[in-house]
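Input: one structure, supplied below.
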Amino acid sequence: MATPSLLLLLADGRFPAGAHAHSGGLEAAVAAGRVTDLTSLEAFLAGRLATAGLVGAAFAAAAHRAAVLAEFAARSGALTRLDAELDARTAAPALRAVSRRQGRALLRAGRSIWPDAPFADLPATPGGPHQPLVLGLLCAAAGLSRVETAMIAAYGTLTGAASAGVRLLGLDPYQVQALLVGLADACDGTAADAARAADDPPERLPAAAAPLADIHAEIHATWEVRLFAS
Amino acid sequence: MDPHPPLAQAGRALRVGIGGPVGSGKTALVAALCRAFADELRLGVVTNDIYTTEDADFLRRAGVLDPARIRAVETGCCPHTAIRDDIGANLDAVDELAEAVGPLDLVLVESGGDNLTATFSRGLVDRQIFVVDVAGGDKVPRKGGPGVTAADLLVINKTDLAPMVGADLAVMDRDARARRGDLPTLFLSIVGDPTATSVADWIRHELAHHAALHPLAVPVGPA
Amino acid sequence: MRALARLVARADGRGGTALVELHGETPLLLRQTPTDCGVATVHLVGGAAGPLAGDDLRLEIEVGPGAAVRVHSVAASIALPGRAGAVSRMAVRAVVHAGATLHWLPEQLVAAAGCAHLAESRIALAAGASLRWRDELICGRYGEVPGGAVVHTQVDYAGRPLLRQSLAVGPNAPGWAGPAVLGGAPATGSLLVVDPSRPAEPPTAEGSVARLPLAGGPGTLWTATAPDAHTLRAHLTV
């Protein structure tokens, strides 16, 4: 069953699921001149955690909840419903594509590492399954709890963008880590909220919106030259 | 039943990685190999640019290969991560090529220009070619690094420039042998050989070997 | 204050729309206004200031098959603080049947300093229904830091989720003014257009406005941030 090491392993940015190629919208925010230094990076991370972080964590937790249902039809039906609900929370086509691309990358890693996990429960959607759904199944297969699942999701939305900040802005990595330390309570709180929300019916899961995340994502998708996939 | 399409596995195209420092001529070599194989093999190319689609765009503009057979992977400032530590996006690109244009005999995976330490994961490619050039200095083979010492083929490129940059090819050859033991090294000038004949022949040899190991793979040769 | 208002429209069989129910309570009053070509137009008339924290306002709209309704408001509504710890709530429930059209184009919601407001809209569209739904939020009166406001929109099309979004601003919404959410813009909003007869358009984005084709049905969302209400309206008029 679960060991603390598995929590760390799945939360590790070195887990090969493609995270290194994504900036979580930071590259476009930097290009728009909206993130320029540590202070604006911190505001970016706080807003991202409260919006995309909360939604992603809640859907990962809800997928974890679905993954432990006894019947295949119930699991598969619940995950199909979650897929449609997450689509409805992701207005920007570019962000839907990114979520599915990251889901596919995580699925590839998951199938290699936990070949017996019930990934066949995921709906067969063009472009791949949404990343939080795959994460929920993966964490359930690893024996992690629902709140641990939400924690990995919330933490991932922070660390991916923070590490992109170091690379894009040349920020002092110690100061960026200190900034993440300052956001740790908010990250834990978001994960706890998300895990609780997973008890609600899918239509009532968090839907926190961020207009600039949608706008930035669509602008970024049109660039000919970019460093990050999102 | 798992509703998702199967991931790449045995009985598939030979995947050859092409790595090396910035400016050593990786993209020019890929273009030369496209010319060499265009009418001979079902070929696909995956590029890993630092600036996403630049190399892919060069290949498309060069007209050496149907653009549908070229895919670019975005690497988030870390081209070596995408070919070594976290290879999923490259494997996705290989799968997408096969989905888009049908079965392939050979996929060339070009790394973004990186340093002497960058090598491909064995989970991504079957063989790897490391490209250095004489203009980088004739000390490069002696300096070693995993690309120079362990690549299945070392290509020392731009030999036509050797007299101009004062590079001693004999020194490079001697150092390469010392570093690489029995592994082959080829000298190349694409100016004089626009289809990179020696490298193409090496790949043909590896393809025959690969086909023997993977009898499910479609036979090599003109369709 | 608590108020319930209700609007029910039916096709009148002569190409027009009849309002078979139209009633409200202060401060949520509905008035039919002269109109053109088959569309029933209704204005929301604020019968009092507010909403104030503690107010609970509900509006139910049903548009029957083939009917067409357009709803405006005569002025922006300004969410204001009220009883300590209380929340003001404006809940809209709309049901739009096949072949029916609802245009919901009210004036802005202004989140004043110290407010605690929830604007919550749930719209159920039958297959073949059309919708034009605009929400505009102004974060504070001029030079003012807003209180807490949440604009929640939930739209289903043919029983399938089309749009779910909750935009939160104010002291309980971390990072809301920052570069991940509004980037310091005091005005933000969205326009959802659902039109089964209109071909899907590709996404576009420029500056601080984007056109986003949705996944769950024939819907397109325009989303924008702006330096002022006037610019925002221009972004959300298509």
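Each chain carries a letter (A, B and C) given by its place in the written order, and its residues are counted from 1.
We adopt the following convention: a contact is a pair of C-beta atoms (placed from the backbone, for glycine too) under 8 Å apart; a residue touches a chain by one contact, two chains touch by 3 or more.
On a predicted model such as this, the values are computed, not experimentally measured, just so you know.
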With centres defined by CA atoms only, which chain is the most remote from subunit C? B
Going by C-alpha centres, which chain would you call the most central? A
Taking each chain's centre as its mean C-alpha position, how far apart are subunit A and subunit B in Å? 33
Compute the distance, rounded to whole Å, between the mean C-alpha positions of subunit A and subunit C. 29
Centre distance in Å when subunit B and subunit C are each reduced to the mean of their C-alpha atoms: 56
Would you tell me which residues of subunit A are touching subunit B in their complex? 14, 16-23, 101, 104-105, 107-109, 111, 119-120, 122-124, 128-129, 164, 167-168, 224-229
Subunit C residues touching subunit A in their complex are 152, 154-155, 160-168, 173-183, 188, 190, 203-206, 208-210, 212-216, 221, 223-225
Residue set of subunit B touching subunit A in the complex reads 1-4, 7, 50-54, 57, 73-78, 81-82, 85-89, 91-92
Interface with subunit C, subunit A side, in the complex: residues 25, 29, 32, 34-35, 40, 43-52, 84-85, 87-94, 96, 186, 203, 206-215, 217-219, 221-222
